[in-house]
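Naming follows writing order (A, B, C, D and E), and every chain is counted from residue 1.
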Amino acid sequence: MASYIFRRTLMAIPLLLGITILSFAIIKAAPGGPVSMLMDPTMKPSDREKFEEKYGLNDPVHVQYFKWLGNMVKGDFGNSLIKRGVPVSELIMNRLPNTLLLMVVSTLLAALIAIPFGIYSAMRPYSKLDYTVTVGSFLGIATPGFWFGLMLIMFFSVKFAWFPTGGVATLNAPFSIWDRIHHLILPAIVLATADMAALTRYTRSSMLDVLKQDYIRTALSKGFKEKKVVLKHGLRNGMIPIVTLFGLMLPSFIGGAAITEKIFAWPGIGSLFIDSAFQRDYPVIMALTVVSAIFVVIGNLLADILYAIFDPRIEY
Amino acid sequence: MTALLELKNLKTHFKRKKVTIPAVDGVDLKIHKGETVALVGESGSGKSITSLSIMRLIPSPPGEIVDGEILFNGQDLARLSDNDMCKIRGNDISMIFQEPMTSLNPVLTIGEQIIEVLMYHQKLSKRAASLKAIEMLETVGFSRAKELIDDYPHRLSGGMRQRVMIAIAMSCNPKLLIADEPTTALDVTIQAQILDLMKELSKKYDTSILLITHDLGVVSEVADRVVVMYCGQVVEEASVDDLFEEPLHPYTIGLMGSIPSLEGDLDRLYSIEGTVPPPEHFPAGCRFSPRCPHAFDRCRNEAPVLREIGSRSVRCFLHDDKEATK
Amino acid sequence: ACSGGQKTNEPAKETEKEETPAAEGTANDEPQVGGDLIIGSTGSPTMFNPLFSNDASSSDIETMLYDSLMGSDLEFNPVTDGGLAEKYEASEDGLTFTIKIVENAKFHDGEPLDADDVVFTYNIPLSPDYDGVRKSYFENIDKVEKIDQYTVKFTLKQVDAQFPVVSLGFGILPEHILGDVPIADMGEHEFNTKTPIGSGPFKFEEWKDGEYVKVVANEDYWDGRPNLDSVTYKIVPDANAILAQLQAGDIHYYAGIAQPDVPTVESFADAANLRLESGLALSYTFLGFNQRDPKFQDKSVRQAITHAIDRTAIVENVMAGLGEVAHVPESPLSWAYNPDVPKFEYDVEKAKKMLADAGWKPGADGILEKDGEKFSVEVKTNQGNKVREDIVVILQQQLKEVGIEIIPQIVEFSALIADIDPGVWNFEGIVLGWSLGIDPDPSGIFHTKEIEKGLNFTGYSNPELDKLMDEQLQELDKEKRKEMIGKIQQGLAEDQAYTFLYYPEEFRALPKNLEGYEFHAKDQMYHIKDWWLKTE
Amino acid sequence: MNGTTSELLKHSKKNNDSEYILEVKDLKKYFPIKAGFLQRTVGSIKAVDGLTFKVKKGETIGLVGESGCGKSTAGRTLIRLYEPTSGDIIFKGKNISKMNDGELRRTVRKDIQMVFQDPYASLNPRKTLKSILSEPMITHNLYSHKERKEKIQDLLDKVGFNPLFINRYPHEFSGGQRQRIGIARALALNPDMIIADEPVSALDVSIQAQIINLMEDLQDELDLTYVFISHDLSVVRHISDRVGVMYLGKIMEFAGKKDLYEEPLHPYTQALMSAVPVPKKKGVQVRERIILKGDLPSPANPPQGCVFHTRCPVATQMCSEQVPDFKEIRKEHFVACHLY
Amino acid sequence: MSQSNVEISQEELQLNPHLKEKPDTLTRIFFRKFFKNKLAVIGSILLFIIIMAAVFAPLIAPYSYEQQNLIDKLKPPSSEYWLGTDRYGRDIFTRLLYGGRVSLLVGFGAVLGALIIGVSFGALAGYYGGIIDAILMRVVDIVISIPSFFLLITIVTIFKPSVGNLILIFALTSWTSTARLVRGEFLTLRSREFVLASKTIGTKSYKIIFSHILPNAMGPIIVSATLLIGGVILAEAALSYFGLGISPPTPTWGNMLQDAQNYTVMLTAPWYPFFPGLLILLTVLSFNFIGDGLRDALDPKSLD
């Protein structure tokens, strides 16, 4: 295992290299450029050229890539082309905590609600609660986050004024934990709903299989209550899809929340990516691609490690 | 002597769309305190299902205890709530399952699987429980118990798994131990060790044992009484000595004749002619009649009942008169 | 005060005028000091250096942080009012401008602002090292000289009618801070994003990327302290969410209400303590065709298409009636607007006839055909602009009447812009809008020389008009220039260089008790220094 | 006990036939022991530690030994379910120890079959009896559709199943029935050799007898070769021609069954023989047991010298120092013990 | 022995008339089980209705899907417009019918494609492990990591938007999670005894993969298919962001929802987003119930 982790980590280097090359090529292949946003009848094409020249945007793509790579290897992601002069790392670091906070909370929320419900559904398939959970989770899937978010704002923020309409904290107010939590609730709910749906379904399906196995019978024969049997003996066996899902959710920390972030004016990585993508702010996009690729690699590696931990029969 | 466990007309059926499979079809059985009863019989005759019924662990649906009583200490287990059943399982009755591979949780270490029982029923601390677990493993013949405790079932040999199952079941000194083919995968030395262990358990804690096995050698070594099953029914019941001395039921006789011996060399082993009908198509009369060398008309039309003949009982018309004379 | 700028006699605006008499009634009240105004914006600012930034959000904030030499009034005339210039003199030949600036202006750090700062500021874009996007605004400047401590002289290379209103509108930067910074590095200097210092009515306090920019009153402002204590420029990237925030009272002022949403905002305005101010926006929306395509080279086809489009219906339905049908590429607000141009009213029959005359006959499926070619046009517009998407859908329906098939294609903005890039011209038809400069010069878009490298992406070319466009730029006399531009507008309308669709009306929501507000079509922060919140 | 002569005749015939179908040379299979969170390999379990033997075509080799001594591992390695750590397996003249899956499939898979010790685990829970039995035939493209059906009927019949069971799933069978499915599956291909790992342990004696008879019949009919792994010494005795006794991954004694049962040479074999429980049948004497002292040593850390010396009643100093050779003491009787 | 068996069966025949019946075929059992599951049946019927409604939209629809009635904008449901009208006064009912055509086609098509790719990748990686696993899973990592935004924009410049391309794009971008899920299952299943048993028979790898392991990994696959369908139907609308969606005025459930995502509409015409949302929900739900039914019908341990 140790050697497996080591190999995977080593492999991550060419992998990241490959991802950056491909991403760079694709990003550059997409039409448009940072100056597209400067459309203005009074602006002269010469202004544009000067700008592009300065940032080497007219160089051949491979030249641009190696320049970028060279800097990145040194830990320099460069500066934003749009928010000129602002280091990309600063842009990201400013927003990363917000995104992580939101994603961690919503993921936890989703997991804490979805997994128990999924398990219960599996224990009592075709019971009333199972149906309720099923319909509920599919509501979560069929409801676009955008719409759900706006609905929540319309009702709980505008109509009843129970929650703030957006942002991470009240403007012009001193820091307070409660205030931060207050702001976190609605967006976390929106994000959690989507994850919850998938998590419940996978948990249910996986547990349904597991609960029919003989070792569950053995555990029951030991005199344990059903709950304990399911949680201790069943859940670990049914973890594989759940772990996979978490592994896949990790990279979505970067872009997965974009729409929710936008609606709730949550200054996070997702909206930064969307903005940068629209503006073709290449250094930011590339940096975020790298960060997200790292998350992908870590997420999947973690999932693989967890597989082996949860299921000793898995060996690499 | 009061019976610790008494099955009265136990019927466990599997219901499928068109047919009902009467896997256990009216079993009567008594186990006294401290007694070891061997349950033998044809493969597929319902021994495991009987024991699972006692544990109330029949896969349901499709399985269901449709009739009968399972009196344990006077309490009818068939009608106990799930919660109360939990209190009995593991503590009062424990079971060694027939298939050690699939019955052990593949993702928990051997240790965890033993320790949890000890912690739960004996209220031991984790440390104490793991010491006890190691001890248990050693008593079932493991030499490297300390290392094994952290090993997973798939890394053990068949016999080792079986012993782990035994260790789990025995760890709480239950009042009744159901052992479903506990030694099938064990070599003779370990088997002897396990049998000794069972005897000791039975002596020390007055544990009753329901031993399901095919190995008549084992039966003769440890059992007090033998119950022979055929096609979901008990066909004969007797003390070990009586049974080996003089088997009454033609099936039992056939069974005895089939034992390969360690001494002489046979060209061909004896086996009972024919095959067991599937449970959904049991013959109307005596269920053994199609294979019975002594079957006569009555056997094919009328179902015999389990009749007591002295201290033993048998389900066969051949012995009708004997009972009558008595 | 709101509709003072609207000299147009549009009946549509009448209602707005009536809605806000209270504001005018209380205009005499003494302004009260205090309050924080939260302004909502979907866009994020990029930096606070007027010479380098180019987005609306940034310039909104720059307006508060910096003073420019000159301002524009509600009719877009250059005025000293609101600027640093105390006196402004143009030479006879129109090549030199001498400007005397106020003597008591001070930067936020206490350093005085004088002619050196002005010269310094204007020399930045003149430097060959300058890499900002504003170069074209200054290309015509020959030199900038300091006459005395508070006087500067601008010398132009050639006569430029746009100069005073466009080029003198830039904020003045502090030489004592940026003087030593190489111009090549200035675009990325920390000053722009971390510590912008100007001489404007508000001081920079904090910029939280993606959240807000906060500026506070400059107590020492040379023209007197602004009434508001602070302004928070809040970034809410989603337009729907902004409306919700507006309704919830989390945003006080928002200038970008989409026309279809205006009735909604109106419906909750009262409850949310808001009022609406409106006026024509300085922009127009059009349908352009790629005139490299032979079928669109035919002027009568273009005219016929215009005839086939019910622009009133578009305004009515897409814009909730909040706009005006457009005929020329200039806003009615502009002094150079010429109402007297050929107009192509909605007339399906006429359109059909004209198309038939041009050789387009209905085919079997009702779609026009000529020489075996179907009259099928792919019309692109940018994603994210609901109004334009709606227009395309309605155009499709309307043009079907005359047998023209429209295939709408909605394209991400940057990609769309790339499609109309010089040399690419990957489009057949396109629905876009131009926001207009303060100066009415149309040559940037319609001059033939702009085809190859500029913004004339439809490839429209009319040599006669080219000449007129060159000439009007040299003309300093406003009346004469107006006449020339009027002629150009006539020509463009006659040629239907674009199918001009409409001039949108712009709506801004603001607190009911916000006083001192004036609607300036080009500047949503117009005279923010004078705004104040009335407390009952 | 009246068939002794014919039995002998049969065996002598086999013994003359010196064609070896399987040769195992110093076969080893070690499992890594992993420990810690990072699952570092900290040692290895020497489950099979140097097996050498030859199997003649048409004979039955019994493999007996204590639980955990490596019988199943040996069987699985022989059939290449496990990658051997070292050593050679020569089957019908071909060394299969290093073949890859594809080669194995093409050359030997059809010819060697295995009956698994754990019948339930080795049956796909989602396949019916019918598809379990037809799979081998379909895989190797044997028989027409109709013939297959007949063959399945025949197999069911042979292992004592009612044809109605055909559409049942493994979980609907009893333990013994599952074991018979495993046997039927192995027979389906008419292989040359079957490695049967405890094939009859879960069967009642009558069915056990039936199955063993079947196996013997087939052997006579088709010249099948069996490697019969079992702990049941009486069954092994009945079916085998030669028997190997394993202890801790090694073969201790290997001999013709008569030799072995009547005159076991190795102290371990002797102890093993004495422990068999025997039904109290009339006229049969219960033997005195030799109880082995001590525990089975760990295969992760086998004793120096003779692996059995820690429990051997007659061990000497030499036993703890020197590994005894596996030598042919008498004809066809191999023992690894310093006593001889 | 076999003779005696025949005897018994004949005897049994007399005793048990049942015996004459042929044993149920697996397909029969499958269908019986499936149709016994009420929800699965309801789901199938519902889905059938939805599909038929989409297929026969031209016959059912009271209006034309593009016919605008600008005076009747955002009208609530009424006898004239059963489900109300949209922002152009088009009949929502009609548009829902037509919308189903694209949405269902894209949803099912793309999910089918994604499943095929995902399952193959996951199965091969999980079954073979080692270097094959490493390579295939790194491909997954790459596909997940590549910013799809740009990929889509780039694709648009090369291909014209069409239903076929949409299906292709969704299939090519959404298979990764399925692949990883399937691989996870395969990793644990591949070392099961019954797989080893198949190997000893000489079963070919592909057969082991697809006919032995895959059925045991059906659970997560069915779930992921169900989830993907909902996801794809919604995402189809989001794709119009990149100019790749179905162009207006062709309706899809997704773009109807998207169109309704507007503060004004939500305040004044809440029924507009409700109906397409409801249809998506119903589709996904019925698909799920069918999935559950399938899974139970395929699961030998479930009730007959």
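Rule of thumb we're sticking to: a contact is a pair of C-beta atoms (placed from the backbone, for glycine too) under 8 Å apart; a residue touches a chain by one contact, two chains touch by 3 or more.
Which protein is which chain? UniProt says A = Diguanylate cyclase; B = Peptide ABC transporter ATP-binding protein; D = Dipeptide/oligopeptide/nickel ABC transporter ATP-binding protein; E = Peptide ABC transporter permease.
Just so it is clear, the structure is predicted and the values come from calculations on it, not from any experiment.
Listed here as common contacts of subunit D and subunit E: A, B. Looking at the partners of subunit A and subunit B together, the chains they share are D, E. A centroid comparison over C-alpha atoms places C as the chain most distant from subunit D. For this structure, the chains sharing the highest number of C-beta contacts are B-D. Mean C-alpha positions place subunit B and subunit C at a centre distance of 91 Å. A straight line joining the Cα centres of subunit C and subunit D is 90 Å long. Centroid to centroid, with C-alpha atoms defining each point, subunit A and subunit E lie 24 Å apart. As a whole-number value, the distance joining the C-alpha centres of subunit A and subunit C reads 38 Å. Within subunit A, contacts with two or more other chains are made by residues 30-32, 150, 154, 212, 214, 311, 313.
Across the assembly, subunit B contributes residues 59, 99, 101-102, 154, 275, 277, 280-281 that each touch 2 or more other chains.
Touching two or more other chains at once are residues 240, 244, 412, 414-415 of subunit C. Which chains touch which is summed up as A-B, A-C, A-D, A-E, B-D, B-E, C-E, D-E. For subunit A in complex with subunit E, the touching residues are 11, 15, 18-19, 22-23, 26-27, 29-32, 126, 134-135, 138-139, 141-144, 146-147, 150-151, 154, 197-198, 201-202, 204-206, 208-209, 212, 240-241, 243-245, 247-248, 251, 273-274, 277, 285, 289, 292-293, 296-297, 300, 303, 307, 311, 313-316.
Partner subunit A is touched in their complex by these residues of subunit D: 34, 37-40, 120. Of all residues in subunit E, those touching subunit B in their complex are 1, 4-5, 7-8, 11-12, 15-16, 18-19, 21, 24, 29, 32, 191, 193, 301, 303-304. For subunit D in complex with subunit B, the touching residues are 1-4, 6-7, 31, 33, 35, 45, 64-73, 117-121, 157, 160-162, 164-165, 171-177, 179-180, 197-198, 201-210, 212-213, 216, 231-235, 237-238, 261, 271-273, 275-282, 284, 289, 291-292, 295-298, 300-301. On the side of subunit E, the complex with subunit D involves touching residues 1-2, 5, 9, 19, 23-26, 29, 192-194, 196-205, 207, 212, 215-216, 298-301.
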